[in-house]
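Dumping the structure here so I can ask a few things about it.
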Amino acid sequence: MKILLINPNTTASMTQAIAQAARAVAAPGTEIVAAQPSFGPASIECHYDEAIAAAGVAEQVRLGAAAADAVVISCFGDPGLDAAREATAAPVLGIAEAAFHAASFLATRFSVVTTLTRTCVIAERLVQRYGFEAQCAGVHGTDIPVLDLEGAGEALVGQIEEAARAAIARDRSGAIVLGCAGMAPLCAELSGRLGVPVIDGVAAAVKFAEALAALGLRTSRRGDYASPPPKPYAGCVSHLGW
Amino acid sequence: MKILLINPNTTASMTQAIAQAARAVAAPGTEIVAAQPSFGPASIECHYDEAIAAAGVAEQVRLGAAAADAVVISCFGDPGLDAAREATAAPVLGIAEAAFHAASFLATRFSVVTTLTRTCVIAERLVQRYGFEAQCAGVHGTDIPVLDLEGAGEALVGQIEEAARAAIARDRSGAIVLGCAGMAPLCAELSGRLGVPVIDGVAAAVKFAEALAALGLRTSRRGDYASPPPKPYAGCVSHLGW
Amino acid sequence: MKILLINPNTTASMTQAIAQAARAVAAPGTEIVAAQPSFGPASIECHYDEAIAAAGVAEQVRLGAAAADAVVISCFGDPGLDAAREATAAPVLGIAEAAFHAASFLATRFSVVTTLTRTCVIAERLVQRYGFEAQCAGVHGTDIPVLDLEGAGEALVGQIEEAARAAIARDRSGAIVLGCAGMAPLCAELSGRLGVPVIDGVAAAVKFAEALAALGLRTSRRGDYASPPPKPYAGCVSHLGW
Amino acid sequence: MKILLINPNTTASMTQAIAQAARAVAAPGTEIVAAQPSFGPASIECHYDEAIAAAGVAEQVRLGAAAADAVVISCFGDPGLDAAREATAAPVLGIAEAAFHAASFLATRFSVVTTLTRTCVIAERLVQRYGFEAQCAGVHGTDIPVLDLEGAGEALVGQIEEAARAAIARDRSGAIVLGCAGMAPLCAELSGRLGVPVIDGVAAAVKFAEALAALGLRTSRRGDYASPPPKPYAGCVSHLGW
Amino acid sequence: MKILLINPNTTASMTQAIAQAARAVAAPGTEIVAAQPSFGPASIECHYDEAIAAAGVAEQVRLGAAAADAVVISCFGDPGLDAAREATAAPVLGIAEAAFHAASFLATRFSVVTTLTRTCVIAERLVQRYGFEAQCAGVHGTDIPVLDLEGAGEALVGQIEEAARAAIARDRSGAIVLGCAGMAPLCAELSGRLGVPVIDGVAAAVKFAEALAALGLRTSRRGDYASPPPKPYAGCVSHLGW
Amino acid sequence: MKILLINPNTTASMTQAIAQAARAVAAPGTEIVAAQPSFGPASIECHYDEAIAAAGVAEQVRLGAAAADAVVISCFGDPGLDAAREATAAPVLGIAEAAFHAASFLATRFSVVTTLTRTCVIAERLVQRYGFEAQCAGVHGTDIPVLDLEGAGEALVGQIEEAARAAIARDRSGAIVLGCAGMAPLCAELSGRLGVPVIDGVAAAVKFAEALAALGLRTSRRGDYASPPPKPYAGCVSHLGW
């Protein structure tokens, strides 16, 4: 089975770190093909970054999904998720969505710990759209820049741990969702420290993608996830039209 | 990996049919251990049946979950789900919940086709509790008794197909969720006929259970899913206390 | 008029205490018939206890409701409420539901003070199911074990009073709902101390049951509250089938 | 016990008819004191009528509630309900609210049959405010003018019956709420014809008011239902200030 | 263009102050015609005041709207808004509604700072009715009486500023809505101090009213905003019937 | 005052048609500067088109908003709205949002008539995000391709009229929202035919933008609408970074 793992930002080292986290949990026989857009922001820390990055995700699905059995979008805002589901019949999972679903199987209430406080609203709107308002008890920013997570040392891990402990107490939560793909490498360490389930969306999305693909389930071609209607695309994305 | 697959009713032939459906999708290395309560209704077709069956699920988790890596509850009302999550740290999945989650990955709107119309409210309340109100576009009864599904012939399959087609059109849906564990053996046939994803909760729950267990994720022991507080149990369930 | 008052746990002294609270508010001419299941937990302090207790409620309604004009279920999780409504056409009231309804007549916002914090989620889900999300401003645990409420002295009363005062201030509430049948005997004392309406669900349920029965209103036999479909019941509950 | 029963419109014959319906269900020892505003519309069939009528309800509570143990507002829009709860500590019930609560005790879904279609939105907003969105499956107009209900003959009763039957089928409902105080005299007849619980809000409000008063429960004086702050009132309502 | 600006209370100095605030933002060519009811409370600080004031708004629209191109209701509870929309086809705006809409264009989350804490529930219900629950992050009382706002000095302005700062921090808000027409004259000063958008509903309503009127948009005459059905009105409002 | 009017697709004739509709309603002194992205789809008819177009909107705001007093995004999916609000402090309005707000001022319920049925879900999600679920009674597709609206003749106008009439009846609506910028030129004709308010989002957004700008209100710079954090952008959008 081949999973196309898209890092929506354009930082190659982060793409590799996410791919490594994905490979660590993939089943034998699952190949992780990592990709990043040819254009866009070095990290995604606001709506503006995200709008450009979503187009980058659309590009990568358009160009690369034909050979994939499933697709995972590895940014906690799930940028371009609906576009990707139109652009391929392979099942597509966002890591925020996968993490929320996994957490809801393990605790009646969970909290999200993420990077910049200004991006909390992005996660909160996904919580609303996906319907986890009763289960998600809080979204908490740490104001750690995304790229600082690469090679994070004890100081950053401790900061995330502290935010998670505060969230568990304040939100009466039973589980923690890590609100950034860049936190994937820290999941095991934080699980050990916190004593509650800690969910990394990259890992969850890879396993759920394997599950759906194994069942032969594919994205519905009926309704709004049908293939895009053919039309010309102008300018630097002219090769992305249908 | 060992999955305890609980059929909440007491009809042994149905337990075996569900187990067979589960084994058909289980990964190599996954053992399906099927069980049913020592007491309770032959099928679950109303709140009253369900209340007794939920106690039966609690019994089976209490007695059998110690040796399991994950638990699946195979009735579309997810009876005893919260009780089971307290009674074991192994991840526990209900088939309604698993099916809703799977469907939400594949279509923006899905419809449920179930057995007795009087049980629609049970599924509708799960939709509300789990937060799928924006995605679940309708729950539709066929008034087929649960046990009639065993060895269902063309007449019954055609009846379900017709109900599904009507639901897709009326609800503007892109996927169908089968609203009864007894429909599991019909999933492949109906998928072929309908041309949209058809989700059987038994299969979905087994694969999601494998996914969670593979990630080492277990039910939170913090908060309301902590182990039950010890106390005496009276009467015919005296062996079930903690 | 005869009201069947079911204590869902199996502690006889608590059954008697609840019956006494009910008789204290019953109208002249109302007979309170107290009952408890033949099996189940000594108290209900988690989902697991509740799942077994709900079956016990179903048993008592099955065996005893024929002679009753109304039924009251006296545990704040309203276990077995839907099952009971199928098993008899007499009106059935849960004490959580009755208390929420009464509180909403008296204040725009109310707070619940209950026993174990781990059970808050049970009340919160009832709030969601019944539709009191805009009126219920908070559910607060005191971590007092249920059976400690029997013969509660000043220390416990003071602890509940303090929790109620904190809830009123924090939640901007105008009324307090007592979140356990075992608190019924404390209602008058707490009302006097707090200076806001304090609602005991046992009393509220008894009076609303009298009201419905006096109007000749009975549980609908149409739809999902119709009598259970006949079928065999296995094992220790074989006498409970329809 | 004395219940102040306010008909918010100014049609004396309707006030008497409602009073008669209330007396028919009142307990021995309950005195029904009927009143209507000194000003306002002959019937309430739109927002404009209702805005004036709500002031009329405030007048009657201001002038008459001191001697009452409970107050009932007998128009299905519950006009002036919050104002009345500030103006007296006696419990106050609206007939829409009482009917919704009663119906939710008897069926998982109910439908409302009311007078003018243009007033459906008034009931729908009460459903939203009170939190009955999951239980109220539909509000249906018959376009019968309110005052035509006085001395309604077979034609009108048949029209309401037909609308109720259609609602039950379309909404999958188990009970009918009558959406106008003027329908109170038809409740018994319609119950007999329809075979499901039919709830008249006047009757329900009277019994719930008796229940609350018997328990000694009064409107909270803390928060937004505290007595109005003293201030001058100008013009034709100068005697209504605090 | 002529805008009828109704102050729902009967304090003439406040009517003039609101008119002045409206004229300060009105376009050249817009005439502001200020009015207040002939009866009712000197200020609106509770549900009771509001119920009477809503009738006063209905009076002023009935008597004065014929010559107006748009109507603005200048009290933060939007009293009589629906009645006014029936009583004239000119577009009608409430200041709470206008302020909420404006704020939602400028920030993902906003907070309301109002007068008496007891009136917070009025604003909260408008938030619910209008659908701003995800955007309005909090409603905060200052317990400043409405009429104290006239000629407010530094002490009061400082108190409102402090409440606004606390709200911004606690609610994670990006904008402040002033929750009383009497605060209109303070808007510019508070904007300067707070460094976030501060929205005065009077100004917002005037500009939105101009916008709608310029587009030729008028209140729908179809459905529940159709003109009131003709009928007699009794007593001191007999001239207000249709 | 200068309004930057962005057509998110790349069809120049449609940009001109929208600009013409905007200029027809703009106040004297308002200059409409029309723009379209340098890249992207010829029309927006699915999530995939929209994801690319949102990046195009971000481009145009990044390059052109410095000189604008307000920005209007002229596609009914409001693509790139949040990104645009970060990229400029000038107020930004989407046409779907503006139309919903305008409609809610004029009728208690409105219906949307749009182009392809597959895009209904896009409007429905905006309805959910913006909070118009109680007011928007239905979103209806006509399956008219967006670019067919250019120079629409009687056949297309009649088709839209018919869909609107059906929506009004089925949804019990009092107003119609046109669900595509391409329908702007048809608004007056349809208003005349339908007899209810017909709202074109382009016109509504222009007037609301004028209103906000006239009040000196600007997008909050506090919280998640703060300017994007500076960082490198790669590839064909490298000039769009901050």
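Things worth noting here:
The chains carry the letters A, B, C, D, E and F, assigned in the order they are written, with residues numbered from 1 in each.
Quick note on the criterion: contacts are C-beta pairs under 8 Å (C-beta built on N, C-alpha and C of every residue); 3 or more make two chains touch, one makes a residue touch a chain.
By chain, UniProt protein names: A, B, C, D, E, F = Hydantoin racemase.
Computed from a predicted structure; not experimentally measured.
Here the chain-to-chain distance from chain A to chain D, counted in touching steps, is 2.
Taken together, chain C and chain F share the touching chains A, B, D, E. Counted by residue number, the contact pairs of D-E are over half the same as those of B-C, the matching pair from B-C, A-C or D-F. Greatest Cα centroid separation from chain B: this falls to E. Note on chain placement: the centre of chain E and the centre of chain F lie 28 Å apart, centres being C-alpha means.
Averaging Cα coordinates per chain places chain C and chain E 43 Å apart. In chain F, the residues that reach two or more other chains under the touch definition are 82, 108-109, 120-121, 128-129, 134, 172, 223-224.
Taken pairwise by the contact criterion, the protein chains fit none of the simple patterns, being neither a path, a ring, a star nor fully connected.
Listed by chain label, the pairs that touch are A-B, A-C, A-E, A-F, B-C, B-D, B-F, C-D, C-E, D-E, D-F, E-F. Of all the residues in chain A, the ones that touch chain E in their complex are 117, 120-121, 128. Within the complex, the chain A residues that touch chain F are 10, 37-43, 45-52, 54-55, 57-58, 80, 82-83, 85-87, 116, 118-122, 125, 128-129, 145, 223-224, 226, 228-229, 231-238, 240-242. If you check the complex, the residues on chain B that touch chain A are 25, 27, 82, 91-93, 97, 101-102, 104-109, 129-135, 168, 172-175, 195-197, 199, 203-204, 207-208, 210-212, 214-215, 217-225.
For chain C in complex with chain E, the residues that touch the partner chain are 108-109, 134, 172.
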